[in-house]
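In what follows, chain A forms one complex with chain B and a second complex with chain C.
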Partner chain A sequence: MLAPALLLWPLVRVFLFSLQEYGLRQIVSGESNYIGFDNYAEIFSEPMLWQIVLPNTIGFAIVAVGGTVVFGTLVALLLASLNRMWRAIVSSCIMVAWAMPAVTGTYVWIWLFDANTGLVNTLLLGAGILDEPHNWFTDRWSFYAIVVLNIIHHGFPFVAVTVLAGLLGVSKEMIEAATVDGAGAIRRFFQIIFPTLKPVFAVVVILSTIWDFKVFAQIYLMPGGSGSNRSVLNLGVWSYVESFAQNRYGFGSAIAVLLTVMLLVVSVVYVRTLFKEEK
Partner chain B sequence: MSAPAAPAAPGVPADATRARIPARRPRSRRAKWILFGKSVAVAALLIFTLFPTLWMISGAFDARASSASASLIPVEFTLENFTYVLAEGGFARYLLNSVIVALLTVAASGALALFASVAVARFKFKFRTSILMMVLIIQMVPLEALVIPLFVQVRNLQMLNSLLGLVVVYVAFSLPFAIWMLRGFVAAVPEELEEAAYIDGASWWRMFRSVLFPLVAPGLVATSVFAFITAWNEFIFALTFMNDPEKYTVAVGLQQFFGQYSNQWGYIMAASTLITIPVMIFFVAVQGKLSSGLVSGAVKG
Partner chain C sequence: MRKFRTSLAIAAVTALGLTACGSGGSGDDGGNGGSGGNGKSGEGETLSVWIMEGTNPNADAFFKKAGQKFKEKTGAKLDVQFVQWGEAHDRFVTSIAGGTTPDVAETGTTWTAEFAQAGALAPLDEQVKAAGIKEDLVDGLVEAGTVDGSLYGMPWYAGVRSVIYRTDVFKELNLDEPQSWDELLKTAQTIKQEKPDLIPWAVPGGSQYAAYPFIWGTGGKLATQQDGKWVSGLTSPEARQGIEFYTDLALEHGLSSAAATTWDATDVLDNFAKGKLPMAILGSWAAPTLIEKNPDLEGKLGAFPIPGPDGGYSPSFLGGSHLSVFNSADNPELAWEFVKMLTTTDLAAQWAEETNYFPGTESLLEKSINSDDPMVKPFATQMVEAGTTVPVTPKFGAVQGKKTIPAMLQSILAGDKTVKQATSDAAAEIEEILNSK
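Moving on, here comes the complex of A and B:
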């Protein structure tokens, strides 16, 4: 069992780095330089963590997960209502959005919102809504709005396909009985479909949360996303920039450990609520 | 953009039964409205889903992609973006590097996963839960946390700028999922078949080649595609390990490209199209298998 070692050892090491003042000199010499929990103290006393990085990471994850799951579920419901041929056609088209690599998809979104040559600005200028080209990437809110759009576009197919597989398994008799009893569409969804599909939703929400917490390329590649615009940093990019741009590998490791612990907590909480409800 | 699909959807499950009523019967006014709403929702969904891909492809073929006048159907059709990117932009080199890395990853993870899955499924180890845990942990652990220690490690091994260094990392990441999926396929092969082969005098190796392997091959195709896509798309490790332009993979090459030609959208879209096409082909080829493989890995045996 080589794989566990390959993965656990780096995790142990990143924790050990986080307890050190670990820079280029330590990498070259291989010396260790333990400073206890100083890196963590520095992180937690950094106003940027509380005002920018944590809100960016957590707020973004909540919005992106909510958006992806709700939109994906609506698409699944739509797909379930189509006949077989149209369902196959639309599902295949959805796959295209899923298959688009994150890196290239991000560049397409950057181009769409580009200040000078982007479609969005061209349309808004043409319609007279904007008077001059607007740079969408400098403002923290519009920056993250584009990231959310990118993530939902890339992430909803997984939710739609998974929920659809569950939907097709929901007993038709139960739904028909409820309809006869006069339950409306929304009531049918929340009282029959949702409880039956709870495990499916749990998996979809857990995986989406994990993915959206550690989103990297989709932010790093955007204009200003690789550290030059500090107001758009999230935990992952902050850790990377501190490590590889500032050569503060110890400090970057501490941020990375913080991110890992947060993901661990989120996963454990989800898994526990899932199992509790099954009993 | 995503909003238009929303309003029509909640009423859907009941409409599913309605849609199956033969068209000959006169439809009620309500049914007509529902059909209309669904058509609008489908159209809006398809536009939202496909638009970025179509925009990328048309930009790649458009000579005017770098000005604001780009349109969905190229105004001035050209192949110049592709020829420039491949010949002068160095993208041919990046493509070659990515192909090498991805194929080595597929070969190594496929071979290792095949034998590991036979061991896990057949030799009654109690690894089932631990492998599922590995799959989940790999999903959970942020790559941003692993890239720092692995960078130091790879640097100490003098393997920065080595394609092989990337392959080792990608194999480690794709292996647990591949084992998990193949396990389901191996467990589905009846043991009686294997026993029959032994009774006919076959060695374990012969049995493996003639009985087990052909039956597991479809699963191997699916895991190979998964490993290929993982290696092909991966960004953060390739970005960190490779600083010699001769060794860039496509994802990093594209990023450098953007820095160099930030307003040459025709070039960037041509390069993006080249990266995307193989992934799309593979993805469509195995679309159903990935999720069903995951499920069967969980259920069988």
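Moving on, here comes the complex of A and C:
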């Protein structure tokens, strides 16, 4: 009884806040100030949401989840083919990428792409590809390309380790039998390994989707990412700038509720497709 | 704030010494404490105080001393907590929500009105009046701390940005401190020609305070109140002319760098410390940090007030901190006693000296004004002659939160919008926020 209440009460509170015009004054006085669904109406009537924020959030999540899962799986396959010692060495190396705090990782990428002293610009200038230093952070596409690199780099170890655990459980006999029957590596992966590992992939994809939908620090900390470059706003940063930076907690809660609903829908769809096929 | 009222200042200081703290509670030494009898009202109590971290490198020693003095005077213990600027706003809000606010806190001048309007702060008018120091407080800080005619923030210290420059570069190239925008441009162009490794005048897209002088210099306004409604002046020809001049330093004259488009104030400081910038709009408090980051800069720093378009000065943002008493304070008299001690005694002068900021009272400020220190005088001139504040409304914090001005600058610098388009968009956003209920 207690556990669901502890989990659900904050959610209920957030929902109740989202129906209010809730600012600093309400926090001080403790009064409620219900305005119905005005906050939601305001969110949906905001052109910024449709033109910038949603395309950025969803587009980024698709690319980042795809990239993380594919790269992570490739690394897992590599790990599975290594002997015990090398597997230990390589997996400890990739753990370092995972263990790096998001903030630190983000600053490394910012530093690499810095327009004055960054390695990338220095190399491109040296090779004659660029004539003058280029600021990679002002353009929407190059900005998100850097964020995708950052997220994949930070997220692939989790996928690799999880998928590796699954790979080690795939029965050796089946793979050997398939090899004898003349199936190549790609065919073996898609016909034997992937179907066996479907639950593992479902978990990995759902978790990555949730993480990548609500990515905040990796964008907020990038030059221009904290709200001054409007073309790179995603749902997380937009809600922060629109609500918390302006003490509009009701509005912020409404965005949080929307994000939760979106993620719930995504998760439910994943889980249902998974169980349907198992029947 | 233009004129210093020496006589009033003296009167105020005298009054301070004589006042017996009419609002009750304890008083100065020798005062006949209203309630305490022996003048020590805070025996056995503890006053909790939040102070921003990083303003004063000697903060620990300073507050140890302040704590001793406070104990001597009131018998109460002082409990000082240091809070990072970056997280302070959130901490204030959560502590207000959770009822865990300190008794006294340092509040940035742009926050005081916001917290006051929300009902979290206690008005200080009576205490200030009783102490007879009303006339001595620096006007710009009083204005920023006043909501609906009541003072909620006691001026503590103030700071203003001017131009810090490299005297060694100027000497080598035989350059003088520019007196007008035209001279500023020519100076930067000379540096570009002679010292191609330097970024002659960085135009940081993320720094609002570096841009304001160019909006205000031509007489442009961020927003003014007309018939109870806020109207942004960013679309005026004056403001557009100033913004155009400022952004053209980068776009037309190539005096900035591609990286600067996304720089904020910290990046400017870092790059100046690395020796890449010969000039930059920085606060007086930046000088010690620059030398700490790069000791080679010692003796190579100078400063001049930001020039006006045709001579004179361009106004610069007068910022700083208040000391505010929270409504939740158990013993408001004790809280005020601490505020008064920190803002009017020699502790105020010591704080200003250690931080390279200016004190919040005119009588103390006068000493800085008359200082011959080349790193103090230009800032003092800027503050007295051309220090101004952003629109005084609790809502302006929301404009800053939304980064309206940086967004405007970056879109111009990145070539996404023209000056006309960008200023129109920014003006619409400012008006929408300031006029929302």
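A few points about this structure:
Simple rule for what comes next: the second predicted complex is superposed on the first by the 272 of 279 C-alpha atoms of A that agree within 3 Å, B and C clash if a C-alpha of one lies under 4 Å from a C-alpha of the other, contacts with A are read in each partner's own complex, and residues count from 1 in each chain.
Going forward, a residue touches a chain if its C-beta (ideal position, glycine included) is under 8 Å from a C-beta of that chain, and two chains touch if they have at least 3 such contacts.
Because the structure is a prediction, the values reported are computed rather than measured.
Aligning the shared chain A places chain B and chain C in steric conflict. Applying the stated contact rule after C-alpha superposition, one finds that A:E132 touches chain C and leaves chain B untouched. In the superposed model, A:G224 makes contact with chain C only, not with chain B.
Chain A has more of its residues touched by B than by the other of chain B and chain C. In the superposition on chain A, no contact is made by A:S208 with either chain B or chain C.
By the touch criterion defined above, A:W86 reaches chain B but does not reach chain C. Using the contact criterion defined above for the overlaid structures, shared-chain residue A:I27 touches chain B and also reaches chain C. When the two complexes are overlaid on their common chain A, residue A:T68 makes contact with neither chain B nor chain C. By the touch criterion defined above, A:L11 reaches chain B but does not reach chain C. Of the two partner chains placed by the overlay, neither chain B nor chain C lies in contact with A:N39.
Of the two partner chains placed around the shared chain by superposition, chain B and chain C are both touched by A:N116.
Shared contact residues on chain A (touching chain B in one structure, chain C in the other): 27, 114, 116, 244. Residues 23-25, 27-29, 114-116, 132-135, 137-139, 223-224, 226-231, 241-242, 244-247 of chain A touch chain C in their complex. Within the complex formed with chain B, the residues of chain A that make contact are 1, 3-4, 6-7, 9-11, 13-14, 17, 27, 30, 67, 71, 74-75, 77-78, 80-83, 86, 90, 92-105, 107-109, 111-112, 114, 116-119, 121-122, 149, 152-153, 157, 161-162, 165, 167, 170, 172, 175-176, 179, 185-186, 188-189, 193, 207, 210, 213-214, 216-217, 221, 235-237, 239-240, 243-244, 249, 252-253, 256-257, 259-260, 263-264, 267. For chain C in complex with chain A, the touching residues are 90, 93, 96-97, 114-115, 117-120, 205-206, 257-259, 261-264, 271, 276, 397-398, 401-403, 406-407, 409-411, 413-414, 416, 433. The touching residues of chain B, counted against chain A in their complex, run 1-2, 5-6, 8-17, 19-20, 38, 41-42, 45-46, 48-50, 52-53, 55-56, 59, 65-70, 127, 130, 134, 136-153, 155-156, 172, 175-176, 232-233, 235-236, 240, 251, 254-255, 258, 263, 265, 268-269, 272-273, 275-276, 279-280, 283-284, 287, 291.
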